[in-house]
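Some structures are shown below for you to check.
Okay, so subunit A shows up in both of these, paired with subunit B first and subunit C after.
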Partner chain A sequence: MKGCYTGMGTDKRSLVNVKNLKKYFQMPRGTILGENVYLQAVDDVSFHIDEGETLGLVGESGCGKTTCGRTMVRLYEPTSGHMYFEGQDIFKLSSKEMIPVKQKMQMIFQDPYSSLNPRMTVSDIIGEPLEVHSLITNRRERMERIYELLNLVGLTREHANRYPHEFSGGQCQRIGIARALAVDPKFIICDEPISALDVSIQAQVVNLLEELQEQFKLTYLFIAHDLAMVKHISVRIAVMYLGKVVELADKLDLYDNPLHPYTQALLSAIPIPDPDVERQRQRIILEGEVPTPINPPRGCRFKTRCKYVKPECAEEPPLKDVGGGHMVACHLI
Partner chain B sequence: MRLKTKGSKRFLIGIIFLLFFSLVPLLARYLSPYEPDALDLFNIEAPPSLAHPLGTDALGRDVLSRFFYGGRVSLLVGFLSSLFSVGIGTILGSVAGYYGGKIEIFIMRFTDAMLSFPTTLLALVLSPIFNRYLPDLPSVWRLIIILAGLGWPFTCRLIRGEVLSLKESTFVEASRLMGAREAWIIRKHLFPALLPTVIVSVTFGVANGILAEAVLSYLGVGIRPPTPSWGGMLEEAKDLVTLTSMPWLWMPPGIAIMLVSLSVNWLGEGLQRRTRSY
Partner chain C sequence: MVDKLLEVEDLRTSFFTYAGEVKAVRGVSLHVNKGEAVGIVGESGCGKSVTALSIMRLIPSPPGKIVTGSVSLYGKDLLKLPIKAMQKIRGKEMGMIFQDPMTSLNPVLSIGQQIGEVLAFHEGLKGKDAANRSVELLKMVGIPSPEERLRQYPHHFSGGMRQRVMIAMALACSPKLLIADEPTTALDVTIQAQIIELMNDLRERLDTSIILITHDLGVVAKLCTRVIVMYAGQIIEQGSTDEIFYNPKHPYTMGLLKSVPRLDEIEKRKLVPIAGHPPDLISSLKGCAFNPRCEYAMKICLRETPEIMDVGPDHKARCWLINKERANEDDVIQGQKNVK
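Let's look at the complex of A and B:
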């Protein structure tokens, strides 16, 4: 059974399988003798990603989607849960055992500038993973590989000796992508890779990511808050609210038939590029603010803002399959 | 590193002055017309003349020769105390910033405690203690140890702050994510980023060291006579008669201290501008 995905309606072999992932951050105590306070950034999240698939992870700022991605690669140490990568629970590995695993998992960061060391040239930046994993033996091989990677992401060998500050945001993101590709990864977490970019550049970078996925059979976890972009690139989409996945479904299924009230509200915010339809679009405007994840509401986390709230919402709704892999955590369904 | 930038002139002047003031003491042996300790009892407190271009002091020693040799001591104290204090501060600051936890609390609270003492006062107290327990230690080394021991907390704080922000930076995270070991991250990301701060700290520290040498020698706890030093020369010239009627005794070391610390500061400022990251 190792590595086989079971329990959520499919038995396909999954590359990534997250089970009951929790990440709590300890907050400074109010008083010295006070109780420990925890920020529940990610609370009991489970999903799987098949090989070659893109899973979109959406939600508003502060809902824990970035924390989720970072915990998966152990940039943050998980509070509890499992993350099976190629059937192996990587949360159980020592940092030494993690090194070969890290070669197969990479990340593309939100801010393209700060993810590149300003004191290193592009060739040093892209060459860094090659050297860390000793994938090259001599200088010539190193430069050839760097040129090859630059070409892959649409840059040229002339760019190799420049510094990050000489590039635009889009180009920096391409350098970041080249660095991620240098180790021949299988799985890439794209942590809002386009949020910091111009709209015109966003499409280019997304297209590049798609081309690379096809060419190298990559698997993506695509974290974003741009719903239209996520719909374009993803196969399935998970919607997060306050540290929990509230709905997870095939993208068409999700966009045509959102079941969770929060997903409905979220999707109603997407403008439609057709003036006639757009005029009739009904926006669901949510009341109130997102509660703080330090002391989230008991039971359904969305109950404070849900207009269909019922007494049973005081109980925590499980994420259940309502058919065809469409999963939703709501008592109303 | 950009060479041309605002304040280029001061940077250049700083380099030239510093070169001049380092070369002269280094070549003191060849430039000095007399031995620094040679007495000429027939020429006591003589004004500048051809035989003694800067005159002589109360014991008939040639002021120019003492000025050259004194510069050697002053610069030695300045450079070494700065190198040592920045060295200690960098190591402790990086350890505190990088590893955090109890080590950080211990180092930083100790740093705070050190910083809360007035440096000059502490040096005044430490000096006789050193004298008592290490009487054979040359006064130059005693001064260097005291100044380095009191100067490191400044650098420690600076470096710790920088390491803290570097440690959390996305490019270090990216490096960690690709499987880089601690040693690699320290060598490839931390050290190059800290280097500008370290260099600038050393330069400013030199100016402070020279000034501290002058202050402590002037107060009588620095370089012990007969070893010449700029601060010591000022000390010997602090009575009213000398101050009013024999300017050749205190003007050269006074002006030299001022110019050297000024040029070192200009140099440091210029380096800071040129090594700043974008």
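Let's look at the complex of A and C:
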């Protein structure tokens, strides 16, 4: 496995390779003649995901992790950058050329209720991608495939003719997973798939995602803010702060030896469900709040909250490899 | 002898809807000692928020109604008080922090006006006195430049800052009891850490008792001295934090602890989810409410609801497994483990 971590996408085995991805949103102007103002949601992000791997993408709300995921499948048009999927830069494709690519990339959304059309039955929801990509020829085939998918995600064929409101949150998320699996994808972006679910249900869905990954050799980008769960499911983890990746490493490496001050604070902020451990832990409490991405601090974006801040931090630190694929963007290292 | 601040006896709260009576809280008895932080954990719909709202008498009625029970604060039964007297207690003796800091503040009143309202009503403070006290409160919860902030409106504040304002309002009259209903669920982890630290600090300095309602077991481990686990409107286990975390007796509590991954784990282990989902409280439940999801379910669990029993000093659980006289291991229903 070590061989895969050779840095920035020189490796042919990488299924997904994101290079210098930027996504800026134009904000409404204050005055008619005013300058264009941009919200820099994702600013120069690069990473790669190997086949069959799970990359975790973590960060606080507003750090650009969801935008990053959505831009990768072109739900948003990128401002600049490249996204190589199986060696092909999909940002250069026309919308027609995108259709077969989209079949290989699917998404599971955060809110299980609002991501399913309330006026469609479960079989219509799961059947729609099959029709769009012409994967079925007749009705019988369609229903068989739908039953097979329902079975895969732990539902039964009796559920096929019901509507989303008849299901609990965990079951809705299973339907969303079945819909994503319908087209036989290689790569699935899971955008906070469990954060709307109850604790006891979260484990059910995570186990299901892991079983499916094993069975179909899926590659995941797992976006979440629950670091404990991300650590559980991922191979490597990227930490984002204000539109930038500040640290990227193998998960154990990241948890045992976090190098960026933000990662250190983030990890120490997470309470561990063990009273003895909690009593002994020293917490790094970050002062202040995340600055706005409309006018982010120049240089290192974390400098306004960092306690180790130095004059060099006025310049932007590059994301560099400090050994073993552990990458960090900080002048202190 | 420890000082009992709050005592709740056999509280039952129902919502009368078109579909029928939803028994949200089904006989909850609990107490909170002085200066203690008690955590109430459970999944959504288990009745933890309704319990808190019943204590504050804030259940929207209709459709909600406290059917029976008593809530006594210093021996005074709050459920029998007239509304006027209850208003004097709410905010003065007991403060509450709500889950969503975005919607719990009035958007058209400045922060100063909102804190001032509490102070005017309970303490009779007006004008300069109220402003000074408000500045003091904002300082206490760690809001920088409080004099300026007082003139600002909720939309000027971020989520974490709004939660601090909520805490400042709840603490305005130094209440004896602070009820925090999922105070950090809507916040990011680094902000959550700030708020938890703040609450812990306030408890130590002002000797305020806290009821913390949450589903995050990590937060409970950090802040609480005692834990109450709720399921389907009942308390199924309660005890000291150590007892609950290291010696859980109820299969649901054990399941909850096993289903969450831990940050400090080195070896990856498979998560053990609790199969199935919580029951619908609109239908009448027969036997133990957890029986359809329980891997140890016995025949008696389908017939009779277990009573809450002592399993040790300061540790109680509601499960037939601990009732050795009536539980019969041969009774275990085969195949229950595979419930979906």
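Basically, the second predicted complex is superposed on the first by the 320 of 333 C-alpha atoms of A that agree within 3 Å, B and C clash if a C-alpha of one lies under 4 Å from a C-alpha of the other, contacts with A are read in each partner's own complex, and residues count from 1 in each chain.
By definition in this document, a residue touches a chain if its C-beta (ideal position, glycine included) is under 8 Å from a C-beta of that chain, and two chains touch if they have at least 3 such contacts.
None of these values were measured; they are calculated from a predicted model.
Considered on the superposed subunit A, subunit B and subunit C are sterically compatible, since they fit side by side.
When the two complexes are overlaid on their common chain A, residue A:I99 makes contact with subunit B while staying clear of subunit C. Rounded to the nearest 10, the angle made at the CA centre of subunit A by the CA centres of subunit B and subunit C in the overlaid structures is 80 degrees.
In the overlay built on the shared chain, the residue A:R179 is in contact with subunit B alone; subunit C does not reach it.
Touch criterion met: A:D198 reaches subunit C, while subunit B stays clear of it. By the touch criterion defined above, A:E128 lies against subunit B but remains apart from subunit C after alignment on the C-alpha atoms of chain A. Contacts of A:D111 after superposition: subunit B is touched, whereas subunit C is not reached.
In the superposed model, A:N20 makes contact with neither subunit B nor subunit C.
In the superposition on chain A, contact is made by A:L75 with subunit B only, not with subunit C. Look at A:H232: by the touch rule set out above, it reaches subunit C but stays clear of subunit B. Looking at the superposed arrangement, the partner reaching more residues of subunit A, out of subunit B and subunit C, is C. Of the two partner chains, subunit C is the only one that A:E60 touches; subunit B does not reach it. With the two structures overlaid on their shared chain A, subunit B and subunit C come no closer than 11 Å at the level of C-alpha atoms.
No residue of subunit A lies in contact with both subunit B in one complex and subunit C in the other. Every residue of subunit A that touches subunit C in the complex is listed here, in rising order: 60-61, 154, 168, 170-171, 198-204, 206-207, 225, 227-229, 231-232, 252, 255, 265-278, 283, 285-286, 289-290. Residues 73, 75, 98-100, 102-103, 105-107, 109, 111, 114-120, 128-129, 132-133, 163, 165, 176, 179, 183 of subunit A touch subunit B in their complex.
Interface residues of subunit B facing subunit A in the complex, by the touch rule stated above, are 169-171, 173-181, 184, 188-189, 192-193, 277-278.
Residues 43-44, 158, 160-161, 188-194, 196-197, 215-222, 241-242, 245-246, 255-257, 259-266, 268, 270-275, 277-278, 340 of subunit C are the ones touching subunit A in the complex.
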